[in-house]
Every structure is written in structure tokens, then in C-alpha cells.
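Below is one structure. I have some questions about it.
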Amino acid sequence: GADSSGAEVGGAVDGRVTVFAAASLTETFTRLGEDFEAAHPGVEVVFNFGGSSALAQQINQGAPADVFASAAPANMTQVGDAGGISGAAVTFARNRLEIAVPKGNPAGITGLADFGDADAKIALCAEQVPCGAAAKRAFEAAGVTARPDTLEQDVKAVLTKVRLGEVDAALVYRTDVRSTGEVEGIEFPEADRTVNDYPIAPLAKARNAAGARAFIDHVRSDRGRAVLAEAGFDTP
Amino acid sequence: MTLHADLRVGRAGFVLAAEVTVEPGEVVALLGPNGAGKTTALRALAGLLPLSGGHIRVGGQTWDAPPEVFRPAERRPIGVVFQDYLLFAHLSALENVAFGLRARGTGRAAAREEAARWLDRVGLAAHAKAKPRTLSGGQAQRVALARALATSPELLLLDEPLAALDAATRLHVRAELGHHLRDYPGHTLLVTHDPLDAMVLADRLVVLEHGRVVQEGTPTEVARRPRTSYVADLVGLNLYRGTAHGTAVSLDAGGTLTIATPASGPVHVVFPPTAVSLHPEHPTGSPRNAWRVTVAGIERHAHTTRVRLDGVPPVLADITTATVADLRLQPGDELWAAVKATEVHAYPS
Amino acid sequence: MTLHADLRVGRAGFVLAAEVTVEPGEVVALLGPNGAGKTTALRALAGLLPLSGGHIRVGGQTWDAPPEVFRPAERRPIGVVFQDYLLFAHLSALENVAFGLRARGTGRAAAREEAARWLDRVGLAAHAKAKPRTLSGGQAQRVALARALATSPELLLLDEPLAALDAATRLHVRAELGHHLRDYPGHTLLVTHDPLDAMVLADRLVVLEHGRVVQEGTPTEVARRPRTSYVADLVGLNLYRGTAHGTAVSLDAGGTLTIATPASGPVHVVFPPTAVSLHPEHPTGSPRNAWRVTVAGIERHAHTTRVRLDGVPPVLADITTATVADLRLQPGDELWAAVKATEVHAYPS
Amino acid sequence: MTSARRRTRGRLPVVLVLPAVVGLAFLLVPLVGLLVRAPWDTLPEQLFSSSVGEALRLSLVCASLATVVCLVLGVPLAWLLARGDVPGRGVLRALVTVPLVLPPVVGGVALLFVLGRRGLVGQYLDAWFGISLPFTTAGVVLAEAFVAMPFLVISVEGALRAADPRYEEAAATLGASRWLAFRRVTLPSILPGVVAGTVLCWARALGEFGATITFAGNFPGETTTMPLAVYLALETDPDAAIVLSVVLLLVSVGVLAALRDRWISGPS
Amino acid sequence: MTSARRRTRGRLPVVLVLPAVVGLAFLLVPLVGLLVRAPWDTLPEQLFSSSVGEALRLSLVCASLATVVCLVLGVPLAWLLARGDVPGRGVLRALVTVPLVLPPVVGGVALLFVLGRRGLVGQYLDAWFGISLPFTTAGVVLAEAFVAMPFLVISVEGALRAADPRYEEAAATLGASRWLAFRRVTLPSILPGVVAGTVLCWARALGEFGATITFAGNFPGETTTMPLAVYLALETDPDAAIVLSVVLLLVSVGVLAALRDRWISGPS
């Protein structure tokens, strides 16, 4: 059941649970894994953090994974299309964009409209990656033509450029703003259009199907939601 | 087990076409000017250069006969002393000598033991552990020789083995090499520029010019009847073996010569035909060596005349054409030959 | 504009401490055994090796005087012919010769023109476009010489310029080098092993042993009064300049010698003291050259005795000690010196 | 035929040929894998799409410019390490190889620290000259040069060590300054080594990804080189990514085979 | 002092020293930038954290094993390219350099295509022997070897071309097969070149990221090498990432300086 806590099924789970998770989940999942191991003595959770698309590729090439937590539904679909998941994927977290500016907001950015300013240095994600697609939706909703200077391949690269003051503003996930004290976040009204779902699913070739299910339950438990929320995720 | 080789190799602008035969135990010297094809011939015999025609046969075995047969170097029972020795720099003298034995399957301990014996034989027991870099030219040459001989090859090939040595070491090393070659039962081919090396060390000379054999025979034959003036210049030496007692050398072939620098034991004595003066009567004065000779033959070369003289010992003299006229030399004439002791050089043999 | 050098260089296990003076237009030969420090001295003069003591001064200028002054090679007006020439492989003969001119600021066209003139002067106009690889040893040597001379250096340094040549080419190249050096107004230092090169080419000899000057003087002085037996062996040559007409050479210093190989024009004639025989009376027989001499001095060396003889020409003779006793030689004695024409070599000069 | 092909030396030894063939297979089979799995039908479409053409052109231009930068700075640096009488050469040489070990992304971050808008040097470039390198094609060239230069330096230094310094001495006695001697004597004689280093350098620059995207960002037509295009394609369309890689690969093999054959197999 | 340091050759030419110094600065200033910005106070904590220690150990072990693989396969391959009388050497040599150009991530994908559980070769490995290489430490070694081998091959091939083949001939006349001659004569004589290639290879393997994470994944203690740890740290704590890079860098400079000094600056 979706609401069952990890402790209830503790007796049924043992061995090693291998979780392939998006790199943006590194911090939260590491903590959840520790909790899970504490709750299930004898269980070892092994993580493989990486880009969601690389993980999907690995799973499709037969990687020994039990759980796949993707940062984008598209990558989950890639695995699903190849018959890689058992049952259906569920969304366990949502993330939304925020404007990130260097400390002190030197360029005085206030909202999405400033992204059309030719003088401001702007970084966005490339449209091929989820945060880029989300940003595109936001700008459409706001009626702003963004004039980015760079289209980064992932959100962390965008964040790095804000941290170092290379750009005046960028759109990143709220969780990313939270993860570092070196940038300031500015919320904007169109953020509702930028929500990105994080799906999770047990895998068809899982060697530890019981463990996989238990771990997913743990993620979706109250404790799991609390950890995710603390990192800045919305939890459904 | 005679070595028969008909060596045909074509290179850009150069063709080697030479027949060479070497009997077991025989030392053949291959002489010739720069670029005559001596090294090419030696490399073909060693299997480092395939023939383009002809053949190499040793006893019943064919080593090379294009286009079918080619036996690579490592499967020919040969030993090669290269002009610059090519000692392996990272191996000690002992390991260099042991290399061929190891390569041919001898066990480690046995190979080292045998190598040590060879080093001892060439007088380098004390340098067994030395790296080639720290050996003098003469020592390096002896290690190379020991390395080539250690595997008891059927064919020993030496490419100007003395060329890199300075005059003093050369003397010693030549004598030592002579010792080894005399005891060695296989076939030996010695490439050299130096007529003295050839005449002291070889039983037979083969003279190459432009890739072709222009003359061959024993050193005495070739010296006495040179076919080209290159050969005449090259091998025009009076060479005898004898035993020295102080400044007197009794020659094996009869006669006695006086030398300036005392020596003792078996020696080669040598002087050029130009050092021989001819006198109608017994000469007075400084020449220590004077003996009666009879004119056996007269050959004119470019500007000098070579006179073959019978006597004890027989001798060659190069004199000017004017002198021939002056003395009215004719075969059968009786004369005195004189050579200064300071012109006669004796080498330990 | 005299070159004064007090060369002090310390190396692992070797110390050079030699004073050398060269006058403008003078050719000084630096002779000595292997490892005597000849190349070291030459490199110090060229600025390729800094002195550790002493000085190098040319006219009023100091080139090296540790610890203050050091003028690097490229700012010394020198020309160096290295033993192995070091021609630039990727440049043609012409470009090699033009290199120094270009480096010293001559324009491209002018440098090529001047280089072509130099190549012509050394007889290589036809090989201007040839790459060094395709030149014979003798040709390469001449290109190297032209390259060194083209910049009109004040000091010309030659390190065994003839050592790499075979006997035949050597003869020619030596004569040519002699021509150039005679016309060259700068200072020349010639390093060589070969006494003949030294005596033919140099005005003065400096003999190094173990990094020290053991003797210096004109070739005749050094040959006549050798201070060590190394020097005696080295420079013991009878050498004269003269003019050849066929087989007769009239010597500049008086007297006539007969040679075997006809020549014409100015020549050097040379024969070793061992080729000279001494007779109490006029010798009969083959020696073409016989003349009256007076014993001027007698010096004993290891196994031979060198006799200085006055006459026309004066001459050195090496004879055995036994002969000295036999002839009861004393200074002042009158004798006949005889040399076979076939022993006398004439070189174009 | 037989006679022309007769081998001077015996059979090739199995103990060497076997691992050599395994090694070759190890390097080549993955490429075969790529070629087999590549969706060839989309190749023409990809190849003639303007964005791919642009990325390919930008890659070739930037890699070549980076190589020029490496040559201009790296050859003198190699010379300094090989010939210059500088103290602490061993450590310097080891430091020069550092960009090899540094994860390229970190290399990009390091470049930002120095040349970025707030970087050690970059802040002055920006304030005084209004020059900003990140997010420009020049930035791509710099990032590629940073990563590729060690290859050039190490190759050329090796060639310089092997060159006979006596030719430089000969040039000096002819009045040539060290620069002239280097330019006219040393450099021509080590040309094959320089070319080999240049090839390695160019290939590395062509494949460079991490430092480029970190320092120069990714903007089509300006900083999007082929490896960046490949990476982004991997996110959405892995097949297209493979086709792009194969294109990059074929172009580079073509260039390398032509160059190396011409320059390097010459002497052997 | 003055006398001991007097230069044989004139002043170092500005025209060479200037670009050399610029080049050196270009390579080193970013490192200085890293060192300056690194949060040194967290260094000890990072350094002694078990996960960093583990990653460092894994990196060193895997890079060293990969280097061994490269030596075993790459030296014979270099020999085949330099000495073997194989047709199409020029193209083979160009193909060997391909892993240089391939974006490492694509290299990893290519390896998955071939050695993955569903790969061309991997499916049989899995079905017949139950061997699965991806996502294991062995996979890390393979991915690093794939990327680093070209450096070794090209360096060793260069050294082989420079070696005097007459020593091999001399060995042949002593009865040595080609293998024996290679092992006992050629290899010892090209040792410095092999060591240089090994150093480049090791450094490249140590810094390898893209192919590793793609082919071997990112499992702490099993496949998480330092560059992967750096990548993960970049996700969570960018400062830590820099510290980790600096650690990696110092370790490698230490190893390289020791090695290169010992082996390479010897002859000069």
C-alpha cells in the first residue's frame, strides 16, 4: 500500500537493493537509503546516481537494477517502452523552477521579464533536458522571449554559473537553490507551469523485487516525503 | 660441409653478384673498396637480407634459394661480429655472451658457466660484470667475438672487426683474433679494408669491386700477381711468419730478419715492397737486412715496377721504372735486397 | 689582433690548463693523443663551453674571463668545422653556406649570391642544390668549410676536418684546405691526430698531453727536437716544400728529390725517418735519392735512434742502435743519406 | 611474388601477435558496435540538418584554432622544459600533465575561477577591456586548448630530447641566436614529432566536452561543438547521438589517416 | 656562483620564453585558481572521510590495473604497428587514436553495445560463462583502459620507431626468435619511452569519467572513482568537489613528478 511504512514489511526484505536514481536525488536518496537500512537490518541499499538518460540507457542494456527513480517521465518511458518496468511508474516528487541569482542579486533581477534583457547574462537548460523544457513552458506562459547566453546540459551546470557569478540570472529547480547557500532564489508566478514529475518504478529484471517494492514504499512514506520536502520537493 | 654461396642481390643502383666458397676451418677475407658490397654479402650470408637470386648452401642444407627457400637468421648456425659490435647495452659482458646460448636453449646456469669460460678465454674474466659502455674498444671487440663464438656456429662472419680500434689496441686484438680463428673449426668470412688484417688472418682472399669478385687466392698468390692496381696497392706487403729472439727473427720459411723493436716468440713480420732497395753488390751502411736474391719476375704498374725476387726469404720490391732501367733488371739477375730494420714491423701472432 | 687564450676547464677526472696564442693569418695545429683535451679546448674557444678559469682575448676584446665576462658562441666572430660536419640535413648545400650570412644579418638574395660564390670557390657550384645526405664525405667537408669561411670569421676552428675521409679523398681535400688556409687572413686552430695534416697545414704546432701543453713550435723545430717520445713518434716526418717536374722535385730549401709517381707544380714531399738509410759511401743500387750529409745530432728513443743530419736538404733518419754502433756515428761525421723514390710521397700543396 | 614478400625475419611471434590483435580488437570492436547499432537510415537527414553541419563546422574550426594556440604556446613550453636551464624542471613537467588528470568539468570550473567574469584575471579583462570569454567561441577554443595542450607539450618535449643538440651549437657558431637556431635548425629537424603531437592535440580538442560546456557553455552556432551536440542528443534521442558520434569519428579518422600516413610513416 | 651559472648559450630568446611562460601560466593559473578557491578548512575532513578514501583507493587501483591491461595489450600492438609487416598500417594507426576523439560517454555506450549484457559479445559472456562486466570494478578497469590505451600505443610506437633495429638483427644472428629479441633486447632499450607512455596512460585513466560512469555506473566502493565522486559532489556540494579534485591532482602530481624525474629526465 502507498501508505505503508518501511517498518511494517521489514521482515520480508533482505539482501541488496540496487537503486538507479537521478543525480539530483543524490542527497535525499542517500539519506533515505540510510534510514531504510536502519529500518531493515541486513538490507543493503546500493545507489547508482547519474543522468536520468544515461541510467535509462544502462537499464536498457541490462544493468542489474531493482529500482529506477528518474528526474523526468520521458526517461522512465524509455525504459517502459523497452519492457523494463514491472507494473506502473508512480510520481513520488515534484520539482518546480525558481529564478536563481548570485548573492546580492547584482543585476537586480525581479522576474521572468528580465530574461529578455539583452544586457543580462542568462543561463538556461537546453530544451532537450527537462529543466529546459519546463523553462520554455514558463516563458511561453509569461510571454517573454528569453535571450539566454548558454543552454546548459544539466541544471547543475547552470547552478555552477550562477554560483560563480558568470551569469546574472538563471532558471533552476527549487531544490537546487536550496542545496547551496551561495545563490538566492526568486519565485515567480508562472512556476506552476514548470512542475516536473519524478517517477519511480520497480524494474522487470529486478533481482530483489521485494526489496524494490519496500524501498519505493519507503520513499513514499511520511518519513520519505519529509526528507524530500526538506530538500525543496513537492510531494504528491 | 663446404659453404657454397652464389650471392645475387639487387639494390637501387647497385648489384651484388659474387660467388664465395669457404671450406670448413678456412678463413676467407673479403676485401674491397668502399661500397663494393662487402657488408651486403655478409648480411645475405647471415640471413639479414634475402637473396634476389643465386643460393647459399652449407653441406647438404640450403639456407637461401629464391624464390622457395629462406631460412631466417635465427635458424642459421652463425655467429656475427658487427663492425660496431652491437653489444646489448643493458646486459653485462657475461650476459651478452650468454645471450646466444640462452636463445638456443641452454639452461640459465649452464649458459652462464659456458659464457664465463669464453670470457676467460678472451682474457676478460675480470670484466664479466661490466656493462658494455664501460669497456674499452678492444675489450668490447673481444666480448663481441666471445658472444659470436660461444654458440659454436658453423659460419663465423666478421665485419671489419678491427676498424674501430686505435693503432695500439689493434695490434693486440689482431693477434688474439688470429689465435681464435686458428683454433676454430667452422667457416670464417672476414670483411676488412686493411690488407694487413687480411693477410695475417686469412687463408684465402676474395677481392670485390663493384659487387663482383675481381680476384681470389691465397694472400701470397694475390700479393704476387695482383690483377688490378687496386689489388696491387692493397695487398703489396711482404709478410712472413717467424720466431723473434730480441731483434732477430728467424723466419719459418728460412732466412733471418733484423727488427728495430725487440720482441720474442712467434711473430708476423711485415714490410712494404717500397721499403726494399736493390743493390748490385752487398750494400754498406745502415740497412741491417741484406740478402742475395734472384729476379723472378717484373710487373709494371702505374708508376712503379713490382719485382718478384726469389731468395731466403723471397721478397717483393717496388722500385721506380728509372731504377729498372738503371740496373738493367732482367729475370734471372742476381742482386742484393736490403731493408732497414726500422722499416720491418713485427706483430705477435 | 693576436688571440691569447689561457684555457682552464675542469671536468670529471680531467683538467685542461693550456695557453695558446695565435697570430692573425697563422695556422696553429693542436695535436695530442685521445682524450688530451683538444676538443675541449676548441669548444672553449668557440664559446660552447665556458672556461672555469683563465681567459680568452682577441685583440682588445675579451671573449671569456670568468667569472665576469662570457660572450656566447653566436656573438663571437668564429667559424667552426666540426669533425662530423653537422651540416643541416633539411637545407641544401647552398642554404647551409648561406645560413651564417643570414644569421649575421645579410639579406636573403645577397646571402645566396655570396654562398654560391663560396661553393664555387670550393668547387661545388654544381652541387648547390644537393641535400647533405647525397654528398660524399669529401664534398660534405668542403661545404662545411665553405659554411665556416663564408662569414669571414676572425677565428677559424677545425676539429679533425679530414678524419672522416678515406685515403684517396683525403689527399685532395688536404691540398684544397691548404690553399684556403693560406689565403685566409684570420686566426686558425686546427685539431688533428694526423701528423701529416699538421705539418702540411700548420705554421706552428701545439702538442697537448693530459690537458697540458707539452711542446710547441714550428713543425720543423718540433720534429727535430721532440720533447717526449709521443711527439717523436707523432711528428717524425721529413717534410719539404718544392716544385715537381715529373719525377723530380726541386726543394724550396735547396736540393732535389726523385719521386716515383710523377707530379707537377708546387708539392709537399714527405718521407718517414725510417725510410732514410745511411751509408759511409755513395750507395749503389735502387735508391734514387742519395746525398751527402753531416751528422748534426743523435737522440736515442726507446728502440731506435734519431739522427739529425745537415745537408741539402737536411734530413732526419731513424736507425737501429746497432747501426749507430756499427757506423760509429759521431756528430760531425760525413755520410751519404739514401731514400728510395718509392718511399717519397708528394702531395699537391 | 613469393620472393618479393619473403620475410627477412621468421614468423611473427604468437606471443606478441595475440595480445596485439586482442588489443586492436578491444579498441576497434566497440567502434564496430557503434557502427552496427547506428540507425543508418537517419544518417543523411542528420548529416544535412543545419544544426549538425554547424556543430561539425564549429568543432573543426575550434579544434584547429585550439591546436594553433597549443602550437604557439606549447612548442616554446616544450622547448623550455627540454632545453631551458630552468630550476625544478621535473615538477614543472609533472604539473604540465595535470590537465590530463583533472576531470574536465573541474578543469572548466578552474578556468572560470581564473577567466570568468569574477575570476582572478577575468574580472580585470572585463572591467578594463570589456572582454568576456565564457559563452563565446573564443572560450571554446581556450577550454579545448587547456585540455589538449599537455599532449602537444609532452610529445614535442620528447622529440626535442631526442634531437641532437650539436646542430644548435653549430648554428650558434654561425652567429645564430637561440631563436633563429630553434626556428631554422631545431624545428625542421623535429617536425615529425611536432606533427605527431599536433595530431594528438587536435584529436583531443575535437573530442573535448566537459571543460568546454563548463567554461564556454552551450549555445548553438557559437559554442555548441559536436561532442556537446552528442551529449544533448543522448538526452532525447540516443540513436541520433550515435550517428553524430560516428560522423565525428569518421571525419577525424579521415583527417588522422591522411596526416599520419603522410608525416609519420615516412621514415620507417 | 656567477661562474657556475654562466650560460653557455646567450640569453634565452624572448620570442620563445614569452609564449612558453604564457603557456605555462595558461596551464598552471587555473590550478592556482582551484587551489585558491578550494575550501581548505574542509580538506582534512574530506580527506579522512571513508567514502573519499575509498574512491581514492579505487581510483588508484583501477587506473593502475587499466594501465597494466594497456601495457599487456598496447605494447604488442605498438610493436605490430611499428615493426610488423601488416598491410594498411596507416589506417590502423589512425583507428587506434579514435578513442581519443570519441566523446567518452559515447565510448561508454559503445562498450555497453559490445560488452553489455545484451551486447554483441557480452550476451555470450553472460550466457556461457555468467560473466557480466558492466557495473563492476572490472568494468571500470575496462572503460579506463579503452580510453587510455591510445596514449600508450602511440608513445611506445614512437619509441620503437626510434630504436635501432640492428640490435634486433644482432639478437637474431645469435638465434633469438623475434619474441625473445623483443623481450630481452628491444623492450629494455625502449624502457624510457614505455615508461613515458605508461605515465600518460595512467594519468588519463586516473582522470577518466564519462566512459566509466556510462559503462560501469556509479556504485560507491565498487565503481565510484574519484572523478565520479567529484561529479556527485558537484551535485551536492560544489566546494567539496573542488577539494576532491585537488586531492586527486596532488596525488597524481606526486606520482608523476617522482616517476618522470626518475625515468625521463635521466638522459638529458
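We call the chains A, B, C, D and E, going by the order they appear; numbering starts again at 1 in every chain.
Keep in mind that, in the parts below, a contact is a pair of C-beta atoms (placed from the backbone, for glycine too) under 8 Å apart; a residue touches a chain by one contact, two chains touch by 3 or more.
Note that the coordinates shown come from a computational prediction; the quantities given were computed from them, not determined experimentally.
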Out of curiosity, which chains are bumping into both subunit B and subunit D?
C, E
From the C-alpha centres, identify the chain that is farthest from subunit C.
A
Using the touch rule stated at the top, which two chains are linked by the largest number of C-beta contacts?
D-E
Subunit A to subunit B: how many Å between their CA centres?
88
Quick one: report the Å distance separating subunit B from subunit C, using the average Cα coordinate of each chain.
32
Cα centroid separation between subunit B and subunit E, in whole Å?
54
Whole-angstrom distance, CA centroid of subunit A to CA centroid of subunit D, is 36
Provide the list of subunit B residues touching at least two other chains, using ranges where the numbers run on.
47-48, 72-75
What are the residues of subunit E that contact at least two other chains?
7, 9-10, 105, 109, 113, 119, 172, 177-178, 231, 234, 238
Give the residues of subunit A that touch two or more other chains, as numbers and ranges in rising order.
54, 57, 160
If we count contacts the way the header does, which residues on subunit D are in touch with subunit A in the complex?
109, 112-113, 116-118, 134-135, 213-214, 216-220, 223, 228, 231-236, 238
Any idea which subunit B residues touch subunit E in the complex?
46-48, 72-76, 78-80, 82, 86, 88-91, 99-100, 103-104, 147-148, 151, 157
In their shared complex, at which residues does subunit A touch subunit D?
51, 53-54, 57, 74, 121, 123, 126, 128-129, 148-153, 157, 160-161, 164-166
Which stretch or stretches of subunit D touch subunit C in the complex?
166-167, 169-178, 180-181, 184-185, 188-189
Partner subunit E, residues of subunit A touching it in the complex
20, 23-24, 26-27, 46-50, 54, 57-58, 61-64, 156, 160, 163, 179-180
